[in-house]
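Some structures are shown below for you to check.
Below, chain A partners chain B and then partners chain C, in two separate complexes.
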Partner chain A sequence: MEIAGIVSYSVGFAVMAGIYAVFALGLNVHWGFTGLFNIGIAGFFALGAYTSALLTTQPPDPALFEEFKFGGNWSQLGFLDLGVDLWFFLGLAAAAAACGVIALAVGFVTLRLRDDYLAMATLGIAETVRLFFLNEEWVANGSKGLYRIPKFLGEWVSPERYDYLYLVVILVVLGALFLAVERAVKSPWGRVLRAIREDETAAEASGKDVFRFKLQAFILGAVIMGIGGALFAHNVRFLSPLTFDPLLATFVIWAMLMVGGSGNNRGAILGAFVVWGIWTGTQFLPGVFSDPNLRFLAIGVLIVAVILVRPGGILGEERRVARPAEGQAAPS
Partner chain B sequence: MRESQIARGDGVIGDAPILQLRDVVKDFGGVRAVDRCSLDVEEGAITGLIGPNGAGKTTLFNLVSGAIRPTSGEIRFGGRRIDGMMMHETFALGLTRTFQIPREMKRMTVLDNLMLVPAPQAGERLWASWLTPWRVSREERRIESQAVDVLKLVNLSHLANEYAGNLSGGQKKLLEFGRTLMAEPRMVLLDEPGAGVNRTLLRELSANILQASVERDITFVIIEHDMRFIMTMCDPIIAMANGAVVTKGTPTQVRQDPRVLESYLGGSQVGAA
Partner chain C sequence: MEAIRDGVRRVGLVWTPWHTTGVIAALALAAGLLPFVKMGLMVNGVILGSIIALGAIGLTLIYGILRFANVAHGDYMTMGAYLALFVVGGVLGRVGIEGSGLGPFTFGYPVLIALPLAAAGVVAGAIALDAAVYRRLRERGVNAVVLAMASLGVAIALRGLVQIVWGGGTEQYPRESRQVYHLPMDVRIHPDALFAAATAVVLVVGVYLMLTRTRMGKAMRATADNPDLALVSGIDTQRVIWWTWAIGAALAAVAGVLLAVFQAQLLPIMGWRFLIPLFAAVILGGVGNPYGALVGAMVIGVSSEVSTQWLNPSYKPAVAFAIMIAVLLVRPRGIFGGR
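On to the complex of A and B.
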């Protein structure tokens, strides 16, 4: 019984860590490869989560909710009547698209300016999105929260076993995103991003339309974060604006990337599991040590320790090494 | 020989101007860095640009390449207005530059620094690596062999896989020069290519510039304080002071022009005051 409990806990843990790994991948596209300082991950997180949740949740009962009117009711969408839920993928796609459109609009305005403006703008979006869902009760029930968000393939397994199924879903999505990002950043496209990260002026002097590449990277990262938000919504199945506070929805993800290794996709995923492990693990500490504020302190200490011991993170960025050509000495 | 090369018989060089500046002004706040500067650079020539510190040489490069916009005036490259263009736009027209203080991509290998440059690359589209990876890797092999050739030319082959940030000052200068060779430029602006490069390498650099000029028909404009380098490499030479052209002529003419000497001495007096 003990072991079964531990296994079940671990699976639930892996689901959340896997979702956070998706965000870490998105942040890696922004910061790790392009140097875009996005400190409003929570904005894309919330937007992705609410978009998918609102489109798939059934409309609210008018007798129970006075103001709350919205509900997309896509959850009825099946796939060829085989019992496969189609809505889930549409929800993910819609969340990705919503974040992509917002990133396009914000990036178009701010990415021509200095880096600090993007930081301010992203922070602004995060707060705007959160306050919008808090104050506009007719959209998503305000601070009372949105619940009964549907489960993907919920009828397939018993509720106790559901985490196992969802873990597979998470791993498939995470794996696909990992491969896509890995391919992209190791291509000439990614080389331009890294050049922009290193020196924008020099990249411009090398003939690259820096603004266009920054915009593309900003959109790609935001799209990935939107998918992460949707995965999150269908896992916790309850959303309230409080979920998206800057500490848990932005800071922790930054910590994951810094610890795992900025500029390394494997590092981003590893960092998500390590930091989420410490974050959730420390709640079992006795007495005062499980205090949430101390746990944040623990994450802070971890970041400092990693930066001191391994400045590039646990894995760090890989150096792209060319096949030694003829007459070319081995790297020293 | 390009079609535009028309003998003008003015005794300096027989080519039509590829770059024309007319009354170009650049103000930084209250300081006028470039003051109604007008000059022509003839196609195919290796033009030297000299002048005391603060004469406006690097600002002129920044204006021509598109790093900054002129306050007023007109810049034409190959007959086309380029003032107000961004650097990647002038690059696309065949105008490349190096920086006085090298701007290498520190956490990218020397090879990657060079492979970045050629344009347009099909692999620079985000979708390309997902949808047509084979085409991207074929293109990459071609660009890599081009980069390996350039590395040999600038004597950096042994450092191909080293991070560019770990290179010495002189090696970074050579990398800057190599980067311009990776493009297929019509004109290259070199900002002090010899600073920090030792004598032996400087001789090789001169040979490379001459070779590129002759074989690849590239027009060069070179800012350099090493007078021996500039007097042997360049013809014509343009001397600048206080943001404007003092004189233009053959090395001998410029060397003997009293105004040039005066601008250097005058400049140092202003500096001492």
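On to the complex of A and C.
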């Protein structure tokens, strides 16, 4: 492969890894900081992707065998035109809101119960969302999928250079989310989340409304996953229910967080790049090593191995020690 | 005495008034629905329910004794189904033992031979996994959710293994098509379905006798109730744990084979997809409660089959999920209480 090919390949790689890093950040809020066991990331992924796609795509054209009933066409209406038409960010916000509302509803029912019930609830949402988009063709064209999802700022650069532009967009969104999550978990609010993760009873005993904090964390994580879904939709620009199979929409993200270091936002992002690198890199290996099913096995083994051998992942959680208050001597 | 009775009740091996009420309510609901519902769907639901029950009873025992949600349980079912396929095609087929269409059934006696062998294989695998993974985590004293997390890794790895060996497509046991039985009230029932239901009944009775009549069953109930107390009373908890895995894995393997026979196909994702009905049954019945899991499985089986009268049949898992959420809203500890 010549240099230009390698560069353009790595830019495409970085775009996908960056999108996965957004999901890993969201999962880090759920699992890494609060200990919420979400095995249905695919549900929020799909919901976010479809929400933004449906709102921004042109209305359906029966001549193209499009059977869905509604396309919001936000990309053409220009109602957030500040010199540059920022419809894209409205799509992200809508995706975030949709996931937040679903997370509120499900979290409200299940977060009061034992913590592993949430796993089943998230799995249930993922399956229900998938079946809904598969069976209800009037919503999003069923298994034929949506394939006219607009590009953000697509007219600015030539299609073969578009990945460069989108990488910038991804990095801006990822950076903003990183800073927001970092700030949130370093705040007193984040400290309560970690206290809940370590010992729920103790947190309850110190007067914290554990249910409220868990619900807030669940919604925050889901919102981030919704944004990730929207970023994905406008990158791949084709969505069908088959896109959201548990392997690439849930399991891989778990592997990313565990490998990078759960409880560490830098680790979550690093893990996304490392695991996505292993995932896409192994397809160039010779013979049986490029078997996609082998990668499937490897993802599972990787998760178990990290838990057994290096529970903190590559980076591990940063130790956060409370600073001594102003004017007091540090403990010796 | 009262404390003991309370403990035993919590493990759920004593029939309480709640169980009676639950069963009567379920029967009344079924009877009330009867005029509106096709009888055939009810019968199908009971059969599906008995397959769910096999998985759910093992899952609820593991949940109650090892105290974590074994997310890999569905993939133990998949493993069982594919191991049986391997025995039928790769072992028995090679030495000339072949056959299909045994009596009224689509499958032949090789599947009957494969059934216990597949169960033994999954039991061995489950115990090996416990020794390699879960035991170390237990000794480290990790949180239950970390154990569940590890079982997610196991689930992914197992499915990857199945796909490496058999590929991602559908498979079948050697079969011949067979007539369905026509019963009154427009009920059509396939002989294979009767086989599945009968096998499930035999195994459920067996597990019941094991839990109530044997020393190991008693030790399992004691460990479920209070692991520390069981340990200091001289119960070998490691053995109890292995027995729990053995029973859970064997039931899961048989459930996997029966599901493959019932649906007339094997698919690598079949077990993962089955997790929702399994957990819905466990949660409905109250975690750690085998009777509850049985009743919960019937409720889930019947209601998801009956829902196909109005809904697209592919929504069955969503119906199971909706019932689970609805029950959790009203009775957060399941119909019969529990942990």
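Note that in this section the second predicted complex is superposed on the first by the 300 of 332 C-alpha atoms of A that agree within 3 Å, B and C clash if a C-alpha of one lies under 4 Å from a C-alpha of the other, contacts with A are read in each partner's own complex, and residues count from 1 in each chain.
One rule holds for everything that comes next: a contact is a pair of C-beta atoms (placed from the backbone, for glycine too) under 8 Å apart; a residue touches a chain by one contact, two chains touch by 3 or more.
What you see is a predicted model, and the numbers here were worked out from it, not measured in a lab.
Asks: Look at A:Arg114 in the shared chain and tell me whether it touches chain B only, chain C only, both, or neither; answer first, second, both or neither.
Replies: second
Asks: Does chain B (first) or chain C (second) touch A:Asn28, or do both, or does neither?
Replies: In the superposition, A:Asn28 touches no partner, neither chain B nor chain C.
Asks: According to the stated criteria, A:Pro188 is in contact with first (chain B), second (chain C), both, or neither; which is it?
Replies: first
Asks: Just to be sure I read the superposition right, which of the two partners does A:Glu204 touch: chain B = first, chain C = second, or both, or neither?
Replies: A:Glu204: touches chain B, not chain C.
Asks: Could you tell me if A:Thr51 is touching chain B, chain C, both of them or neither one (first, second, both, neither)?
Replies: In the superposed model, A:Thr51 contacts neither chain B nor chain C.
Asks: Classify the contacts of A:Gln216 with the two partner chains as first (chain B alone), second (chain C alone), both, or neither.
Replies: The first partner, chain B, only.
Asks: Tell me the contact category for A:Glu317 with respect to chain B and chain C: first, second, both or neither.
Replies: It touches chain B, and chain C stays clear.
Asks: Thinking of the overlay built on chain A, is A:Asn265 touched by chain B (first), by chain C (second), by both, or by neither?
Replies: A:Asn265 contacts neither chain B nor chain C.
Asks: Pick out the shared contact residues on chain A: the ones touching chain B in one complex and chain C in the other.
Replies: Shared contact residues on chain A (touching chain B in one complex, chain C in the other): none at all.
Asks: Provide the residue numbers of chain C that touch chain A in the complex, in ascending order.
Replies: My answer: residues 68-69, 71, 133, 136-137, 143-146, 148-150, 152-161, 163-164, 167-168, 272-273, 275-276, 279-280, 283, 287, 312, 314-315, 317-318, 321-322, 324-325, 328-329, 332, 339.
Asks: Flag every residue of chain B that touches chain A in the complex, lowest number first.
Replies: 65, 67, 86-88, 91-92, 96-97, 99, 103-109, 111-112, 115-117, 119, 121, 123-126, 128-130, 133, 136, 139-140, 144-145, 148, 151-152, 157-163, 179, 183
Asks: In the complex of these two chains, what residues of chain A are touching chain C?
Replies: Touching chain C from chain A are residues 31, 35, 37, 39, 106, 109-110, 112-117, 119-121, 123-125, 127-128, 131-132, 134-135, 246-247, 251, 254, 258, 291, 293-304, 307-308, 311.
Asks: Can you check the complex and tell me which residues of chain A touch chain B?
Replies: So the residues of chain A touching chain B come out as 180, 183-184, 186-192, 194-195, 197-199, 201-210, 216, 220, 263, 317, 319-322, 324-325, 327-329, 331-332.
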